[in-house]
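What follows is a set of structures to go through.
Note that chain A is present in both complexes that follow, paired respectively with chain B and with chain C.
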Partner chain A sequence: MERETDKMKRADLKPFLYLLPAFVFLGIFMVYPLFDVLIYSLEEGYNSASQTFHGVGLYNYRYVLRDPYFLSALQNTFILVIITVPVSTGLSLLISLGLNSIQKFRDFLQTVFFLPYVTNTLAVGLVFMILFKKTPYSDGFVNLIIQFFGGRSVDFIEGPYWAKMTVICLYTIWIVMPFKILILTSALASVDPMLYKAAQIDGTSRLRMFFRITLPMISPMIFYLIITGFIGAFKAYSDVVAIFGVNLNAAGMNTIVGYIYDMLYGDSGGYPSFASAAALILFVIVLTITVINLMVSRRNSSSLKGGSYE
Partner chain B sequence: MKIVLDNLTKRFPNRNRKIGGEVTAVDHFNVEIPDGELVGLLGPSGCGKSTVLNMICGLEKPTEGRVFFGEEDVTDLSPENRGVGMVFQSYALYPHMTVRENIRFPLENRKGKDRLSKEEMEEKVMEAAKLVQIDQLMDRKPAEMSGGQQQRVAIARALVKRPGVLLLDEPLSNLDARLRLATREEIRRIQTETGITTVFVTHDQEEAMSISDHIILMKEGVRHQVGKPQDVYDDPVNLFVAQFLGTPAINVFQGEVKNEELFIGKDRVLDVPGAGDGDVFVGIRPEGAALQADGPFALKLDHVEVLGRDTIVVASHPSFQGENVRLIIPSEQREEVSDTPRFVLKPRGVHLFDAKTQERIRYGKGNR
Partner chain C sequence: MSEMKKYTASQAEEKRKAGIRRAVTGFFLALWAVIVLFPFYWMVLTSLKSYSSYNSEYIPKLYTLSPTLQNYRDAFTAVPLGQYFLNTLIFTVITTALMLVVTVLAAYAFARLKFPGKNVLFTLFLALMMIPTELVIITNFVTITDWNLRNTFPGLILPSVASVFYIYLLKENFEQVPEDLYLAAKVDGTSDMRYLFRVMIPICRPTIVTITILKIIECWNAYVWPRLITDNQAYFLVSNGIQEIRENGFGRENIPAMMAAVVVISAPLIVLFLIFRKRIMEGVSRGGTKGA
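Now for the complex of A and B:
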């Protein structure tokens, strides 16, 4: 008897043993830094050379929230998120619907649409440079098109704010779409075709089929893409660097992550306290939006599965 | 509504593109289904029966031939304009909608003056739900229901727009054995109450025989026989029909007719007046032979299966086509079964088929 309970106890512990390596690494690289960042962000007047600080308080947050560079980074990030997440998700849905309804060349086109996903961010940035950048030799491909239609050429890389924003939004949408298309095409393919046949016999219009059957059936996947899309867009940095280079503050195109990086290592670097405060502000923003998203999707998916029996 | 299928043919391009060409799923299929009947379309898997159903409802376009509902040619009408209700094998209920929303869905598709008010819709939905006895479960989702209940919802959804024709594709195949019996009676009851011309597809002969007014037997896209279940059982036109109907299945032996006498092996087993000389297949229904000590037909006993009311003699014979001969005898005769039981054949349960064409050879009076 005793032996048996011993065995059972050991069996209870076994899964934790398997999880231990992951726990250790998560602890070192996630939990500890999280608390460390929190501590850094509260240490006022921290000096990285002498590793001393004057006192504890919210001064770092106050500084960051008043820093015009941070505010512009915040604005840029929000614009990027608000434009790219809905547009890329919507476009991906349209393309997936198209892919799902064709027979010929489907595999080929699916591969084509997925290619940007395996392409290096910086390589894509280079192509965008060719498309948009003005050089002494050429105005860039897009400007040539604009001129062809009688428009005036625009400097997309070093010109007005809206032009730069357009480029970075296009770039981000281009980068994130392949993954969304992949997820959505498989979600669409997993909808039982019999449902459409049943709907067809009952005289359902195509539009109604889409809104009453397709959309509810794939809504969990759409919510997943929106949540991960939000998180990804808030963390934008490498995309901006790929197009505008490392001096983002000068270009006026900095993002929150870019601001954090600059505070740590950039020309204005050496301020881990400010960087930590900015990082925590970003963390709170992402957390809030994710929680809202989850709450909305819960409500939706519970209507999909159905509530209680009673 | 009467349904007439006139030379209905469906050819699909071959799935294996290297071979190319076409596969004929349904081949010049002719049948007339009278108004208000429950008809079972019966055949082995892959015989094209679902294709026939899809052509009736309009999901498939026939390659050749016409479909008539009553006097109207509906061949070129799209499914929604034919006024058919269909119940799919997988039920195809919308998983994100409640029972009420599922049943209401076909009504909500109507536009313009055909559109019903909310109250009228609700009334029709409840009427359909009551007919299939699921009016207590209106707010459940399909996932919260048993297979049998889901099917009732599917039937209610098909009936709510009062179609002229109800089509059911393998309606019982996803249910367990006990539920199957209850559900097939349920389908019969609903059909009788509504009087809607109903066609259902099945590969289960028992299912088809038990509830159909008429059964249509098909194989490899070809119609083999149409008739009342008992008539088709008693009077099959060919070996396929005879073998497909009945459990235990008909026992098929190789035999020969000489001078209007039937031989199986060396035994002269039956007089067959009117049958021409030649090789034949002899089909003996399990109930087509009686145990008799001096009977002409000897078998080698394997074992007996006790069913209570009846006993099945499981035996072998060198001329038998297949594993074991199965003949049913009354249980009180069980003690009389020896190691080499002998039987007399009853003409009513013994059918002869041409060895080449497998078509029925009729003889005498007892076998019509």
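Now for the complex of A and C:
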């Protein structure tokens, strides 16, 4: 009898033993930091050397929201998001439609299009920088193309703001396209071909078929891509570093995530409280945009469904 | 008769239209392929040009007639590229191995074992997926610094081990293994551990291979965490190494040698991708987004 209860106890404990490693790692490096970051962000005048602070309040948030570096990072990030998310989503939709309409070379092209996903962002960013950079020796490959078409060459890496923004947008789009193309081609492939056959017999035009069949069928996936695209673009950092180097404030190209790391570490670092406040501001922005996206997608999918009953 | 003619005419028109559409589609797909491939071509090409010939080309040539491997020699001798490479290899292997152990055990507990509060626990667990790295990295930086683990492998590895998403992915797969097998094994007196290794893991091998490869890609491209936690070159990973080469370089602006380093860093993942193409693309489409 005693041995029986002993066995029972062991059986009860065993699942937790299996979960223990995951719990230890996640507890220390994910759950605890979650509370800790909130506390940091509320401790005023925190000193990382003596680990003391002199008050509790919202000062850190006020400081960050008034810091010109943060505001410029905010502006850069928003511009990056507003340009790259629609362009990359639209472009990947066009490419996926193209891929789905061909048979020859389809596998080959799919493989090629996926390549940027498996590259090291920092390493390939260097190649982009070289292609766009203007040096005393050469205007750089991209500028030569611009000149060939009759334009004036621009210093994309150390030149005007919009030129730098163009490079970083192009590189970001280049990096995020593989994931979107992959998701959209499989979404397009899973649309029931019978739907098209039926529409063809009815003599429906291609454009109408696209808006009436294809788009409604893949719209959940498009919304998924828009949401993950927003989240990813708001966290832009390593691709910007790859093009402009570590000192992003000097280049005027810092992003919100870059600002967080600058506050934490490096020449301008040592302020975990400011970093925490900035990280929480970023989290709130991303959360708000995700919720808005979800609401829009909910409404849209129900209206699309309603439309199909007409 | 005239009706017949009209019919064939419209058919020909239709055919012509389809032809144009195909040509336009083909053109734009080929154009995108060129845009994707060009940076790769450019880095290989530049890495094969000699320093002097690269710098003497005001209009860069799209080919080279006198390829040299000197840049590759420079990349390994003038900067500690071999060291960066070895560090990344150690980091990737240990992190991936630990991740596998943690993930398999946790996924098995959630999928097969019965214990009170399992559903609540799993829901909380899933909620962790929504937490962005940026939010927790600040505390982790402080933690690792407090533990005096800056510029060490444990400092690099420990925060990167557990991944909620991979546990979730494997748990879903484990649950597809029929429960009857488990009950039969229980009747035979097989222990849980033995069952896990003899039955579950072999059946779910494809998913395990997928998460292994995804983790390897993630480790190989890791940049932000290693940058925060290492400032000693002896512990740099390839991403930090290439950034270091870019900022301080070869003593002079030696772009061909930089490109040789870029090729060396990019090659392993591209080879891995070409071998496991199907598996990687399937794994990524099941929910991987490109991590920083």
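Throughout what follows, the second predicted complex is superposed on the first by the 272 of 310 C-alpha atoms of A that agree within 3 Å, B and C clash if a C-alpha of one lies under 4 Å from a C-alpha of the other, contacts with A are read in each partner's own complex, and residues count from 1 in each chain.
Convention: contacts are C-beta pairs under 8 Å (C-beta built on N, C-alpha and C of every residue); 3 or more make two chains touch, one makes a residue touch a chain.
Note that the structure is a prediction, hence the values are computed from the model and not measured.
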Contacts of A:200 with chain B and chain C, given as first, second, both or neither: first
Contacts of A:260 with chain B and chain C, given as first, second, both or neither: second
Contacts of A:192 with chain B and chain C, given as first, second, both or neither: first
First (chain B), second (chain C), both or neither touched by A:117: second
Chain A: partner with more touched residues, chain B or chain C: C
Which of chain B and chain C A:33 touches, first, second, both or neither: second
Which of chain B and chain C A:158 touches, first, second, both or neither: neither
Chain A partner contacts - residues on chain B that touch it in the complex: 57-59, 79-81, 84-86, 88, 90, 92, 94-96, 98, 105-106, 109-110, 140-141, 143-144, 157, 161
Chain C-facing residues of chain A, complex: 12, 14-16, 18-19, 21-22, 25-26, 28-34, 36-37, 40, 48, 94-95, 98-99, 101-102, 105, 109-124, 126-128, 130-131, 135, 137-139, 141, 144, 174-177, 179, 182-183, 186, 228, 231-232, 235, 237-238, 241, 245-246, 257, 260-261, 264-265, 272, 275-276, 279-280, 282-283, 286
Footprint of chain A on chain C - complex, ascending: 21-22, 25-26, 28-29, 32-33, 35-37, 39-40, 42-43, 46, 55-60, 101-103, 105-106, 108-110, 113-115, 118, 121, 125, 128, 131-132, 134-143, 158-159, 161-162, 164, 167, 192, 217, 220-221, 223-224, 227-228, 238-239, 242-243, 246-247, 253, 255, 258-259, 261-262, 265-266, 269-270, 272-274, 277, 280-281, 284-285, 288-290, 292
Touching residues on chain A, where the partner in the complex is chain B: 192, 194-195, 197-205, 208, 212-213, 216-217, 303-306, 309
